[in-house]
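Lettered A, B, C and D in written order, each chain numbered from 1.
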Amino acid sequence: MEGYAFMHQVRVRFAETDAQRIAHHASFVVWLEEARVAYLAAFAGGYQAIRDGGIEALTTGVHLEYERAAAFDDVLTIGVRCSELRGARFRFEYLVEREGVRVAHGWTAHATVDAATHRPTRVPEWFVEDVVRAEASTRTP
Amino acid sequence: MEGYAFMHQVRVRFAETDAQRIAHHASFVVWLEEARVAYLAAFAGGYQAIRDGGIEALTTGVHLEYERAAAFDDVLTIGVRCSELRGARFRFEYLVEREGVRVAHGWTAHATVDAATHRPTRVPEWFVEDVVRAEASTRTP
Amino acid sequence: MEGYAFMHQVRVRFAETDAQRIAHHASFVVWLEEARVAYLAAFAGGYQAIRDGGIEALTTGVHLEYERAAAFDDVLTIGVRCSELRGARFRFEYLVEREGVRVAHGWTAHATVDAATHRPTRVPEWFVEDVVRAEASTRTP
Amino acid sequence: MEGYAFMHQVRVRFAETDAQRIAHHASFVVWLEEARVAYLAAFAGGYQAIRDGGIEALTTGVHLEYERAAAFDDVLTIGVRCSELRGARFRFEYLVEREGVRVAHGWTAHATVDAATHRPTRVPEWFVEDVVRAEASTRTP
């Protein structure tokens, strides 16, 4: 997956399928979150580190385009990259594949708020630096 | 549903089905919770009233026996009764039917804890009184 | 909700909240589906009617923008309208409000396929007519 | 985990937490299923092998006792063993631990049915043999 700083795998649970005998489309939203959490653990001290700093990262947008169905027990690889990061906002892009074949792609948008007041607050500086460093390293030829 | 103080209806969502083309068994656990919340809203000022008093009701046990499958769009009626209530513990019993035919039955067990310390704390007196009154009324011939 | 042919209500379940003490963003995807199913039941003989005709409606895209958080037990009103319908594709738009205040909005895209072969197949004519009639009626001044 | 033929790990997803800031009790039901599927993959050719034989394994009962709360990002180890297997019925037992500390335990009951008719049908012989062999091996001193 060219251009993706990080990859994460999920295996489709039986509970995540529906009566069309495929993974329900809402399951992907949860997988993107799991992949994002794994990205933050790998590159930025973990999502808990943000929360420990009294900051919550809210999800302000979700966009998913489904290209192929996924089935029970499929192993999906999710490419994750942080595509924007400024002020109190950041954005992730995702590519979901099964054995090299595209299954879905999309993005999520996020805003950081003070956990107590829920007012917008800037993304912590260390977080920005960690993510920028991680993303930069994947773009080096 | 004889002996049930309260009844609540749910309609099976498509997302709640699985690749067996029936409602996934974990969905019932969520429906029992929705029915229990509706019971508390009807009889005891709502679950939020308990939380507003600085008390959390934890779920300490779940037991479900499935008698028939439920399908997408089925309307299920859930009978709810509080079968035990003392100290820091209470228990609910449930019967799930579809058009008068039994689909499942079970119970959930709960413990009240202080929301801040998570230490066991007695069920509030007003809650006991409200529930006892509601349950007593259904047993009057 | 001006311009919406149909409205559907959901009440936020406790299971649908997360550790940010708000409704998890993936829950909205399930609510949009419930609202869409209710729309089809009201206007087009129900989703089951499509499936009975040997046709499955796949979800090919989901887009959601979250404007405000929803909390446990909130009652949300979801406006639904079919904004496109041609060939083997259709699209729904949604507005989610709580007591007249916007909470979220978005759209879902769908494709109809033959249930057996999963090949694209045109949306049934009766379905198109039912939906066009329903949507037209809401635009009459 | 003495006496458990198989162990499986899950990491608590953010979507699986609730407004009590702990893993929602229904999430455990899904984890037990994931652990059971992994057990079958390890010992009995996978759950898909049963389905490929035209047999569905229905869940007929779930029992869970929660001893400690689990939190977001906790890694839980689930011990799984098949405790009964005869005719058209089988049963699994589970122990959920976090770093050696008990979090929950329970069981699930299952019945095998013909996928087409949904009539009870005996558990396939090869399945019984595989599971008996796996379980026997763990009890050897």
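To be clear about the criterion, contacts are C-beta pairs under 8 Å (C-beta built on N, C-alpha and C of every residue); 3 or more make two chains touch, one makes a residue touch a chain.
Bear in mind the structure is a predicted one, so any value in this text is a computation, not a measurement.
Looking at subunit A and subunit C, the chains in contact with each of them are B, D. C-beta contact counts were set side by side for A-B and B-D; B-D has more. Rotation relating subunit B to subunit C, from a C-alpha superposition: 180°, rounded in steps of 5. Look at where the CA atoms of subunit A average out and do the same for subunit D: the two points lie 29 Å apart. The distance from the centre of subunit A to the centre of subunit B, each centre being the mean of the chain's C-alpha atoms, comes to 35 Å.
Separating the CA-averaged centres of subunit B and subunit D is a span of 25 Å. Within subunit D, contacts with two or more other chains are made by residues 14-15, 26, 30, 33, 72.
If the chains shown are joined wherever they touch, the resulting network links each chain directly to all the rest.
Here subunit B touches subunit D in the complex through residues 20, 25-26, 29-30, 33, 56, 58-66, 69, 118, going by the rule given at the top.
Looking at the complex, you find that subunit D touches subunit C at residues 14-15, 17-19, 21-22, 24, 26, 71-72.
Subunit A contributes residues 13-15, 30, 33-34, 37, 46-48, 72-73 to its touches with subunit D in the complex.
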